[in-house]
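Note that chain A is present in both complexes that follow, paired respectively with chain B and with chain C.
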Partner chain A sequence: MMTDVGYVALLIGFVVAAYSASASFIAGRTGQKELWVSARNAVWAVLALTSLASAAMVYAFVSRDFSIKYVAEYSSRDLSLPLTIASWWAGQAGSILLWAWLLAVFTGVVIIQNRRQNQELAPFITAVMMAVLTFFLGTMAFAANPFEKLPTTPADGLGLNPLLQNEGMYLHPTTLYLGYVGFTVPFAFAMAALITGRLGDEWIRSSRRWTLFAWFFLGMGNLFGAQWAYTVLGWGGMWGWDPLKNAGFMPWLTGTAYLHSVMIQQRRGMLKVWNLVLIIITFALSLFGTLLTRSGLLSSVHSFAQGPLGVLFIGLIIIVLATSLRLLWERLPQLRSEHELDSFVSRESSFLFNNLLLVGAAFAIFWGTIFPLITEAVRGVKITVGPPFYNQVAGPIFLAMIVLMGVCPLIGWRKASKENLARNFMAPLAVSLGVAALLYLRGIRSPAALPAFWALSFVAATILLEFYRGARARVRGHRDGLLAAVPRLIWANKPRYGGYIVHVGLILIAMGVASTMIYSTSVESTLASGETMSIRQYDLTLTSIDQFNTEGRQVTAASLSVTKNGKPDGTIVSEKALHENHDNPVTSIGLRSNLLEDLYVILVRANDDGTASFKVLVNPLTTWIWIGGAVLLVGTAVAFWPDPRERERAAILPTRKPRVREAVHV
Partner chain B sequence: MARPHPLPESPPRAPWFRRRRFLIAASVVVLAMGALIYVGIKSTAMYHMEVGELLAEGSAVYGEKVRLGGEVVEGSIQPGPDDELRFVLTDGNQSLPVFYRGVVPDAFEPGADVVMDGALSPSGTFEASSLLAKCPSKYIRAP
Partner chain C sequence: MFRLAVALVLVLSLGVGLALPHPAHADNADEVDSIAGNLMCQCGCGLVVSACGDTMECSIGDQMKAIIRKKLAEGNAGGEIVRYFQELYGEGVLAAPTKSGFNLTAWITPFAAIAFAGVALGGFIWFWVSRRDPPPETPCGGAGGRKQQHRYVERVDRELETLE
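After this line comes the complex of A and B, so read on.
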């Protein structure tokens, strides 16, 4: 019953979304008020229908309706309630339903936000979003029906892959999808700007929060993915540069480029075409990411051609690129820069280089990801590149990017004077060189680590200097105390200081990643009870191996007592669990984190003779990656918060007078 | 905030040579990234082969690093001492003995799709230096 409701809701939703897309487009073109009202009502209808379908999906899972193929394939009776609900996005068809539902919700929010503003853009924004939604609903209605029925109803489902049965299942896919779907909104604004010819920066300003939203969640999705791999998959690493990880990373890189280059357009009226190209690419990469996650594209060209979904998605990406680039081409004469680049040493120029690097990194990753497909198509042999390729290529690019992260916010606009350079960069340069020298003396001499830590301390010093100067100016002006001045300073210019906080978060993440990659040590050993293995300052002694059954799992747990620098330091437990009904064991690692390093114990195998094999790693500074993620959250929230300047700026903008105040938006 | 300084009006369009330095630097950056990608591919690319393709190459690829994909033959897995592992890999038609030493991923099991980096030794065994089992995207319980 509910299954029929769900499928019928999708079918009707498909028709209504198609109507809403065309009606809003025509209303936008002809200015028919009533048609626009009707198109908006259709959006609400689509939102209700996709919500109904989603509710039906959840209901089917919770009520264990195994007559539905999707429910039978991804859940079973022994699955806990939260995981049962999360099984919604464990597979292909359900993920597409989640995508569609989020897009419908976002469209509703956009309509509410633009009730009184962007009157000319709104119909076209709605048309674009509804057109994309029509595609997703059509895909479900005709190619990947999440409510497909089985000929006979099995007594129990096949169950959720044990590797997905943990917290990562709630956080990683959902944040990633919020990011992918979120980029539809700025893309729709860009298309509306191109269609109407309102090519000033109102579309950028109005979609700024959405861009920030999508960018933030995509970043978090990547971070949660890394954490999931680190704590659950149990191979000791967190980022394997596999196609799925790359899929989420590429739009994040181009999205970052876009967030920065729009500042140049808002401030100087330059880079208009570039910004449009960036948001088009970012949206296309988001679709590509969804495609990679949900089809077997990269395992082989052949397996990919078997499913209809891959072809549909490639078709959508081609249509999106062709339509949007054609629109852009037609508008080119109206997109002339209002200013030229004045000097090589200027903020504009440094932002351009930052963009170049971000897009270059995205391109390198894209090239590496699709390289096997290209060689297979061209030469008939599959040639792959692995993590060494990405590390070798991305490493230097990211290093340059970090240096620019310190330069960009401080270098003068138009043409930086010698005084500007000296005033802003002498102190950070001196501090960072001092840090590098200190690290060198302490024995950190790897040719990868030293430049990385130099660059990171350089950026940290520039940000510190900015905060100090701002606070000092406030102390003079407002008679605040220096410490009290900092939060007030942040609050007084949220986009700018939120941006700095985001940069701090990224520095911490980069620090954790660099030290984990360069200085991780690992030891593999097989121990009998009472035997000891050593790694760095730790000695681990196997005390016991226990086997027990719990909640449908057969668990083998190895306990090791730890001594650190010769002093007892508690015990650490690493497990391997075999789920009832599942063949693959799931390793649960033993992890002890502190701010300096992670002690990471993998139980590789418990042998029949009572010995056990372990792989133990010590990863320095890894926790700072997750701390950096939290800082990223704070910074984004600050930048997201309403700022009185926005209204002020919006009031000034239409006349396009050069503004006096200097501001960095995120 | 910290440095309020008004922007003067822009001068009329600058001639192209004013931007020359920027264009040169940008080209250098783009070329450098291109070179990084080129060198990266040159030095790290590996052939990705199935069992049959590798056997067809035979002695021509002894000792050469390749990536090999295939399916683990049921009942062929023999764990040895010191985390050693021997099993037989198949592409459905032909098969090949494999030797591996190291951490075995959780998803490794009879019938699993695996991807290994390693080389074919003259003895006819594939000596793997890394072993990845593909996460089954669709989980089907064994009967």
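After this line comes the complex of A and C, so read on.
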């Protein structure tokens, strides 16, 4: 019964969403108020219908309705309730339903937010969002029905993949999808601006928080994915550069470029075309990421033909790109820059080069992701593009990006004088060279590590300098104490200092990644009970191997007593678990973290002769990756925080009139 | 300011320096891993050999690691071992494209694209800057005027910094 309700809700939702998209567009074009009211009401109806379909899906999982193919494929009776609910997004059709539901919720929020503002843009924003939603609802209704029934109902389901049975299943896919879906909103604002010709800052200002929201969640989705790989996959690394990881990373990179370049448009009225191109690419990459996440599309060129979903998504991406770029082309005469660059050495130029590197990195990853398809098509040979390629190609680009992250805030807007450069660069350069020299003397001379740590300390010093100068100015101007001045400084200019805090988070993440990648130490050994293996300052002695059954799992647990620098340091346990209905055992790593390093123990296998084989790693500074994520959250929250003065500023700012004579396209 | 900079140097270098292993201990004890990291496991997991055997019990990954150990013990270099696997399984066993023939485009294209875009961007900025009107003559001549102007520029810079 609920399955029928769910499917019927999707079908009706498809029709109503299509109506809402068309009605909003016509209302926007003709100004028919009644039609616009009707289109908005249709949005609420679609939200109710997609919520009903989602509730039906959750109900089917919770009630163990294995007559539904999707429920039978991704859950089983022994699955805990939270994981049973999370199975909703374990497969392709359910993920698309989650996408559609989130988009319906976002559309509702956008309508509420724009009740009294953006009156001209709102119908077209709604039209674009509802058109995208129509596609997703249509896909479920006609190509990937999450409520498809099986001819016979099995007694139990196949169960959730054991690798997904952990906390990562709640955080990683949901945050990733919040990011993917979130980018629909700034894209819809951009399209509305192109359709209406209201191409000033209005659409950027109004969609700024949505962009931050999508960017933040996509970033956190990637970070949660890395943490999931680190703690669950159990190979000691966190980023395998597989197509799915790449899929989430590419729109994040172009989204980062967009977040930076819109600052130039807001300040100087420049880069209007470029900003539109960036948000179009970011949204297209979000769709591409959604496609890759559940379709396995890149396993072979031939898989394009295996199901209709790949073709549908490719079709959507082509339509999105063709339509938006056509609109952009038509509006080019109105997208002239209001100012020109004053100097090669200016913050605007440095932002442009920062954009170049961000988009270049996204392109390098995209190129690596699709290259196996290209070689298969050109040479008939399937090759692999794995971690060694990305580390060698993306590594130098990221290093340059980090350096620019430090350089950009040091260069003044419009034109930087020699004095300005000398004054701003001297201290950070001295600090970073000092750090590099001390590290060199300490024996850290890896050609990968030394430039990385120099660049990171350079950026850290520039950010600290910015805070110091700002705080000192407040001390002078407001007679605050230096320590009290810092939070007040942040509060007084939340977007700017929130951005700097985000940069601090990124530095910490980069430091952790660089240390772990370059200086991870590992040993492998097979131990009998009582035998010891050593790695750096740790000695690990196998004390016991236990086998037991629990919650549908057959577990083998190895306990090792740890000594650090000769002193007892507790016990660490690593497990292998064989789940019912699954052939491959899953590793549960033993992990001990502190601020300096992770001791990471993998039970490779328990042997028949009573011995056990282990791989043990010591990963330096890994914890700082997760701390960096928390700092990122704080920085984004600060930048996101509403400021009552924004409206006042917007009201005061004069409307810019383009200097047509000097105008050029960017 | 100077004290702050010195403190920063010490904090950063001590923090990082303490955590990273000293070169005497930094060499990865398992050379097998570095070679296995360049090979894809043939069990279909989509992971490199160094990762596959740890994640799941994979007999193929284990065998590949065993061969790497044996070949290393026989005195083979890493490159020779990788070539051995390439002859055995074909090009698909390599975790990255070779740097020859058509595969070279995989390596060159990203850098070529960035270099091309960088040159174009540089040229564009140069064009944009050079077509601007030349700056007006300095209104205050003489050393005193320049000094005064310099003071004003500095003040504007300072105030802009606090406003930004």
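Odds and ends about this structure:
By our rule, the second predicted complex is superposed on the first by the 650 of 666 C-alpha atoms of A that agree within 3 Å, B and C clash if a C-alpha of one lies under 4 Å from a C-alpha of the other, contacts with A are read in each partner's own complex, and residues count from 1 in each chain.
Criterion: contacts are C-beta pairs under 8 Å (C-beta built on N, C-alpha and C of every residue); 3 or more make two chains touch, one makes a residue touch a chain.
The shown structure was predicted, so the numbers you read here are calculated from the model rather than taken from an experiment.
Because the two structures share chain A, they can be overlaid on it, and in that overlay chain B clashes with chain C.
By the touch criterion stated above, A:Gly91 is placed in contact with chain B alone, chain C being left untouched.
In the overlay built on the shared chain, the residue A:Gly360 is in contact with chain B and with chain C. Contacts of A:Gly498 after superposition: neither chain B nor chain C is touched.
Within the superposed three-chain arrangement, the count of touched residues of chain A is higher for C, of the candidates chain B and chain C.
In the superposition on chain A, contact of A:Val431 is made with chain C only, not with chain B.
Applying the stated contact rule after C-alpha superposition, one finds that A:Ala473 touches each of chain B and chain C.
In the superposition on chain A, A:Asp342 makes contact with both chain B and chain C. With both structures placed on the common chain, the touch criterion links A:Phe453 to chain C but leaves chain B unconnected.
Look at A:Lys615: by the touch rule set out above, it reaches both chain B and chain C.
Once chain A of one complex is fitted onto chain A of the other, the partner contacts of A:Gly159 are limited to chain B, with no touch recorded for chain C. With the complexes overlaid on chain A C-alpha atoms, the stretch of chain C that clashes with chain B is 81-89, out of 9-17, 27-35 or 81-89. Counting contacts by the rule stated earlier, residues 233-236, 340-342, 344, 349, 352-353, 356-357, 360, 363-364, 367-368, 371, 381-386, 388-389, 392-393, 397, 413, 469-470, 473, 493, 496, 524, 584-587, 602, 604-605, 615 of chain A appear in both its interface with chain B and its interface with chain C. If you check the complex, the residues on chain A that touch chain B are 73-74, 91, 158-161, 163, 233-236, 296, 299, 338-342, 344, 349, 352-353, 356-357, 360, 363-364, 367-368, 371-372, 381-386, 388-390, 392-393, 396-397, 413-414, 466, 469-470, 473, 489, 492-493, 496, 524, 526, 581-587, 602, 604-605, 613, 615, 658-662.
Contact residues on chain A toward chain C in their complex (touch as defined above): 233-237, 240, 242, 340-344, 349, 352-353, 356-357, 359-360, 363-364, 367-368, 371, 375, 378-379, 381-389, 392-393, 397, 412-413, 417, 419-420, 427, 430-431, 434-435, 438-439, 442-445, 449, 453, 457, 460-461, 464, 468-470, 473-474, 477, 493, 496, 511, 515, 519-524, 535-536, 576, 584-587, 596-597, 602, 604-605, 615, 618, 620-621, 664. Chain B makes touch with chain A in their complex at residues 1-7, 9-11, 13-14, 18-19, 21-22, 25-26, 29-30, 33, 36-37, 39-41, 43-49, 67, 79, 82-83, 102-109, 117, 134-142. Remark: chain C residues 1, 4-6, 8-10, 12-13, 16-26, 28-30, 32-33, 37-38, 40, 46-48, 50-57, 90-97, 102-103, 106-107, 109-111, 113-114, 117-118, 121, 125-126, 128-129, 131-132, 153-154, 157-158, 160-162, 164 touch chain A in the complex.
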